[in-house]
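Think of it as A, B, C and D in the order they're written, each chain with its own count starting at 1.
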Amino acid sequence: MDRPDKPQILNRLNRVEGQVRGIARMVEEDRYCIDVLTQLQAVKAALGRVESELLKGHMAHCIESAIVAGDAGEQRKKAAELIQLLERAR
Amino acid sequence: MDRPDKPQILNRLNRVEGQVRGIARMVEEDRYCIDVLTQLQAVKAALGRVESELLKGHMAHCIESAIVAGDAGEQRKKAAELIQLLERAR
Amino acid sequence: MDRPDKPQILNRLNRVEGQVRGIARMVEEDRYCIDVLTQLQAVKAALGRVESELLKGHMAHCIESAIVAGDAGEQRKKAAELIQLLERAR
Amino acid sequence: MDRPDKPQILNRLNRVEGQVRGIARMVEEDRYCIDVLTQLQAVKAALGRVESELLKGHMAHCIESAIVAGDAGEQRKKAAELIQLLERAR
């Protein structure tokens, strides 16, 4: 399945990886806790943007295929998955 | 549309309403801020449980009808609605 | 302890109470689940604004008094309370 | 400032970094979106645990020093920082 958004998502994940390494360096250097905590919140926000990209792709590819295929079982599975994500996101 | 879970949801909402009134009384009586803030977090958790009930019902009724009817347009709308809820839940 | 922000907080809580009653009416009238869920998210956001007001007041009154009084024990208690709120807010 | 919890925090961050790399591999291999999203939620939970460790250390070191030093200005700054974290955590 070719995903046009793959390079962008990989790029974001790569940056997140770098941010986490940067936070480790801050801890290594005994940087002020609040500055480290602020960076951790920034990483979580960046992960949220990756989630948004993935959800858009999921809608356009996986959900769309289940709808077009008229596969009721698959559609139920996909709806249940989204609801489970919602429960965990709270 | 008859919803078997309606009495339970109405009961939860009624209790939330009472909790909010109780918090107003705490503020009226100059109760300690942290105690009021703790009650506010409890109300938000209670609202989360109402959301869970509604999502279960939504899955069982609205989403199921769109699947059974084989209505692709309606299925897309429902999927998009769930994803929008997810975005706002973050 | 006279709190200048009390009327505003009570006003917000009063509106939240009305919103919750409105949501109960929506459920009563079998309104579309997603519309009800959207209103629930709006109530949670409104409760968040009440929390912000309370925290501002807590900082200006309770925390400030503990600082001015130079009461180390009370200061520790207040710091621990804020950290506990943070843990629960996640 | 010697932090007894530093090795543990660095260890957690190292694992998070590995998790993020693992997620990138999943995207690379076109793994199912929901599985990737589930892993992203796990990473955010792991970052939450790092935050908890840091807050404990912040309380034990930075806040405690400001209290012991009786430095009112520093105490105010620290309280304001915690409240700002709370606002962003919502």
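Convention: contacts are C-beta pairs under 8 Å (C-beta built on N, C-alpha and C of every residue); 3 or more make two chains touch, one makes a residue touch a chain.
Labels paired with UniProt names: A, B, C, D = DNA-binding FrmR family transcriptional regulator.
These numbers come from a predicted model, not from an experiment.
*Asks:* Could you check which of A-B, C-D or B-C has the same interface as A-D, with more than half of the contact pairs identical by residue number?
*Replies:* B-C
*Asks:* So what's the Cα centroid distance for subunit A and subunit B, whole Å?
*Replies:* Comparing mean C-alpha positions, subunit B is 24 Å from subunit A.
*Asks:* Would you mind pulling out the distance in Å between where the CA atoms of subunit A average out and where those of subunit C do?
*Replies:* So the centroids are 29 Å from each other.
*Asks:* What is the distance in Å between the mean C-alpha positions of subunit B and subunit C?
*Replies:* Measuring from centre to centre gives 18 Å for this pair.
*Asks:* Two or more other chains touching the same residue: where does that happen in subunit B?
*Replies:* Those would be 51, 55, 58, 85, 89.
*Asks:* Are the chains arranged, by touching, as a line, ring, star, complete graph, or other?
*Replies:* Graph shape, chains as nodes and touching pairs as edges: a ring.
*Asks:* If we count contacts the way the header does, which residues on subunit A are in touch with subunit D in the complex?
*Replies:* Going through subunit A, the ones touching subunit D are 1, 3, 6, 9-10, 13-14, 16-17, 20-21, 23-24, 27-28, 30, 32-34, 36-38, 40-41, 43-44, 47, 50-51, 54-55, 57-58, 61-62, 81, 85, 88-89.
*Asks:* Would you pull the subunit C residues touching subunit D in the complex into a rising list?
*Replies:* Residues 48, 51-52, 55-56, 58-59, 63-64, 67-68, 70, 72, 75-76, 78-80, 82-83, 85-87, 89-90.
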